[in-house]
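Note that the chains are named A, B and C in the order they appear, and that numbering of residues resets to 1 at the start of each chain.
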Amino acid sequence: MDRPLRLITASPVDRLARTIEALLVVASQPLSVEEVAEATNDDAERVETALRLLSERFAEGRSGIVLEHVAGGWAYRASREAAEACGRMFERPVERGLSAPALETLAIVAYLGPVSRPEIARIRGVAADSVVAGLVERGLIAEAGREDGVGGAIRYRSTPLFERVFGLDSLSALPRLDDLGESTNEIRERLESVAQRRPA
Amino acid sequence: MDRPLRLITASPVDRLARTIEALLVVASQPLSVEEVAEATNDDAERVETALRLLSERFAEGRSGIVLEHVAGGWAYRASREAAEACGRMFERPVERGLSAPALETLAIVAYLGPVSRPEIARIRGVAADSVVAGLVERGLIAEAGREDGVGGAIRYRSTPLFERVFGLDSLSALPRLDDLGESTNEIRERLESVAQRRPA
Amino acid sequence: MVVRELELDLDAFEGPFDLLLTLVLKEELDLAEVDVAGIVATFVERLAERGELDLEACGEFLVLVAALLELKARGLFPDEEAELSELEPEEAAEELARRLAEYRRAKEAAAWLAERLEAEGSRFFRLGPAPLAPRVERRLAPQEPESLAVALRALAAEPPSVSLAHLELRFPPVSQFLERFRAVLRRRRVFDLDAEVDGMSRIEQAVAFLALLELRRGDEVALEQAAPFAPIRVSRAAVSNEEGRQEWIARSA
């Protein structure tokens, strides 16, 4: 029991523990012992020892960061002591509106849908991938088959949630756009021809 | 100097620090002092004190988790010591580097943004479309409205991810352009010094 | 080698380079009459005589000739660039210097970012939500349907007629040739400049040559010429770490 503190600080297991500490803070999934052993180039037994060490350090009541063993492996969570503050942080206020790219894209899907990403990109003059993904995630638009059957681009349409958010009984209740064209096709053609003349 | 250890452990700032520790481990973005103050229901000054305390504890060389001020807020990252192990397990945000055109475009957007593709093309002298699309896909730049309001070209700005990847506190941490290159006047002076206005 | 003392013997002008610049800036010599390619040829001959490449002189020469070419290109296409041709030569020179400075600063900033990226390469942080973080539901307040119509009308609006043409460089940018030559060198180790620029205008050929000088300056290529006016042979610089890195980055572009 000679100077145990010094020993621990310098021991290789502690170095391994620090590395694991780092891996866990970067991971967006729980990490299994095998995964950690592979990343650290160390053996599973030593990894387990280090993880036990860490779970003592990152324990409820002792630390705000708590290391927990869950189904898929090991991961950090917030301590129970911090639950209230976490609640406040994640309780997002209701968003007042959509970003300009999201609104443009949503308008195209609502009026012209079902419509594919390449078509949206042509009209907006910019790749639509991330904006479309965001709207799908929020449930405002959804996939609606493919263009020209198998192998064509995925098409999107607006959802019932979209209609609720915009207070519409159905899509036919959308404000009229007679000034832009008499039919959906005419409006679509007009938008595409304007897009071609827009400065890249 | 009575039992200082006990005192520190029980002090309210330490409790606050533990709560902040927890918030940071579940947050998806760097947290500003204001956001932390709001979540913890505490005042900004005390939050700052607690953060200073934490950044000493989570410091390079001392811990695998490193707390840093980046992109306008506080966030954890892995220690440099653990970089090798992290490299085996995770992809870097900019895994395969950036091409020279991509870096030039990124520099223009970071310094002059919001800026449109035609403006970027004018400065670089070549079309910027695919380079801009690539940077958007990597999340380093994002749309920021259109030029001249209605009907204009889409403008772009750099993202918080850009600041994090490059380890910048904020955009104002970029070196001043004047310090990097010759100014217009210097170039003009150079032309004139060579021309030296001889009696013709 | 002192660039300003470069002795020129052109159809329109005989004397040192700095005198030529003085006369041009004073509008006592019409730049349209000046054979810029001839100046480049003279410079290359002097370089060849010295046997070794004077990088400093090349850099200075590059800036000066780029300035001359820009001014000349403007003068040669007055109709296509009505707005620019209205500029006084003084203003044109200033505008040119401004643009050169702007592009140079963008390049310097890019170089700084590249260094920074290299230095911060060992920076790892979590992208996305933490594994055990609560799932956040994004709720949207009730929206006005009219905002959709407004957004679509904005997309149908005629683009603003403000032309950016007056801001564009008529004169092919050096960067265009830099990228082109780099692309060629990725496919082939050696090429002849003459074959690459065949069919281009003289101005384009001159700019292509400037690009080569710049590549030489950055040690990306080696240049060989058996004799003055013989074909210029361009080869990839000996493989170095730097080149390996360039190629690696280029592939991921």
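Basically, a residue touches a chain if its C-beta (ideal position, glycine included) is under 8 Å from a C-beta of that chain, and two chains touch if they have at least 3 such contacts.
These numbers were taken from a predicted model, which means no experiment stands behind them.
The chain with its C-alpha centre at the largest distance from the centre of chain A is C. Geometrically, the chain at the heart of the complex, using CA-atom means, is B. Annotation: 40 Å between the Cα-based centres of chain A and chain C. Per-chain Cα centroids separate chain A from chain B by 20 Å. Separating the CA-averaged centres of chain B and chain C is a span of 29 Å.
Within chain B, residues 25-27, 76-78, 82, 86, 90, 118, 147, 151-152 each touch two or more of the remaining chains.
For chain C, the set of residues that touch two or more other chains comprises 124-130, 132-134, 154-155, 157-159, 164.
Within the complex formed with chain C, the chain A residues making contact are 22, 25-30, 68, 70, 75-78, 86-87, 90, 92, 94-98, 100, 103-104, 106-108, 110-111, 123-124, 138, 140, 165-168, 173-177, 179-180, 187, 190-191, 194-195, 197-199.
By the touch rule above, chain C contacts chain B in their complex via residues 3-4, 17-19, 21-23, 25-26, 28, 60, 63-64, 67, 93-94, 97-98, 100-114, 116-117, 120-130, 132-134, 154-155, 157-160, 162, 164, 167-169, 172-176, 179, 245, 248-253. The part of chain C that touches chain A in the complex is made up of residues 124-134, 136-149, 151-159, 164. Per the touch definition, chain A reaches chain B in the complex via residues 15, 17-23, 25-27, 35, 38-41, 63-66, 76-79, 81-82, 85-86, 88-90, 99-101, 124-127, 129-130, 194, 198-200.
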